[in-house]
């Protein structure tokens, strides 16, 4: 059953584009943070925190709009899910940046840079795709792209877990508190990657219905 | 688009008030438990478990009612989400109480009392707000209040994590299994605080639609 | 308010039966894996991985069908939730199987076999119940059964956590990295059990509406 949103309802899509662009900015700061010396990290984490506040405002704006306009219910849940999963991405990025500083971590494993890079590429793909929600094109390609990035992130995540918990004999073992700190950070970054996949699945779902 | 629930449908709201009051009772027992000597904890954890069973019955009653009456679908998901997130709060409170006893923990860090106190205040705010769902007043104030409690809980949570994983030199270090046990409990209490925020966001969402 | 799905819409139910039967196959391999010698595990984990891919295809087929046919919205969310929670079960089973191999674990605690057995029985109960979605019978019994299995799984889970984190004096203590590895696996298996409970709750919800 095909239908079209009215122009009023299309007002959601610019907000989603802004939310996704805001995530790109946060992922850029995260990428710098995981490459930075420990002394340079707090200022970058503070920027990520600011961007998270901006994201919260955008999520709230979308939710208020969602609750005050008429949209057929079956889209309503898609819009809710899309806004929530974009919010989840940014929360996880902010939490990871915060914990790296809070735990006074020294060197980070190289795999964390791979995770951050995957998130940055997923953020850029998402921001590029959002205007397509209105025009309903190029979305299939975006969905395939994010799913392939998710596989790449998952591989980095598995290798990080293996190196943390089952290190080979030639690796110098980390003390257990350091293992716990890093494990929490890589899990949080994996949550961000999973939330990008939920974003992509929801976009696909909207696109199929409107096609 | 404004609309009103019929009297029949308003029957949900007393159930939500009872569910929230039941959570207040559980949060009161939790507050006592985290202040008690280890020997006094099992009886308090058993009371929390009983209250969780009462909560399960209330959730089930709401879900059966939801499935057997006509409500416009876009409210249906709100009601589902509200019942589920109240259930999540109580599950997390019960799990935290259970684990403190199961792990035979001795002294608990002071921050856990802060977390429990935040949960009790959020529970009371929620129970006070629930009758407002019918009259649609005072809900904005409640939403702001719970969000500010969530910030307070989050700060206690971050400090607990930092003290557990990155203790300063003058703190006597805990053994790693104790770190793992306490970390699990503070994470579970943080989940309860997050679920209260979901409750508040859903209440706000219902209020906006009905306004 | 009772209503009936049209024959076209009933096309979902055979897909759910296939998804549940696929989970039975995965749970059978998991049961073998947790009983196997370490050297025999990788081939079994590879089979679970293959079954997870099959499950992903089935989930995608259900979602595409859901997005392209007309169903009243209030069922739509139930169908979405049912497909998602079946997907969650299989993801968790695959993740647990993968981690056992990835972490090169040696002997596993006996409680993990109990968890795997509970999952297999829940999978079989679910696969037997799915055709009942169409005929709307025997579903109450299934719901009670899965909830009782969930209690059984929860008890095994609690005992595993207690033995890992608060071992009695006569148990030979595990090294902390082994505790972390096993804790992650038992938590993942508990997630699978929880997801089966969500499946059962959603099935009950659909049954009540259609009754």
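Read from first to last, the chains carry the letters A, B and C; within each, the first residue is number 1.
One rule holds in what follows: a residue touches a chain if its C-beta (ideal position, glycine included) is under 8 Å from a C-beta of that chain, and two chains touch if they have at least 3 such contacts.
The structure presented is a predicted model; accordingly, all values stated were derived computationally and were not measured.
Rounded to the nearest 5, the angle that brings the Cα atoms of subunit A onto subunit B is 120°.
Of all residue numbers that take part in the contact between subunit B and subunit C, under half occur on both sides, making this a different-residue interface.
Averaged Cα coordinates give subunit B a centre that lies 27 Å from the centre of subunit C. Residue numbers of subunit C whose C-beta contacts span two or more other chains: 73-74, 77, 176, 180. The touching residues of subunit B, counted against subunit C in their complex, run 63-64, 67-70, 73-74, 76-77, 80, 98-99, 102-104, 176-177, 180-181, 184.
The touching residues of subunit B, when paired with subunit A in their complex, are 1, 72-74, 77, 158, 161-162, 165-166, 176, 179-180, 183, 201, 205, 208-209.
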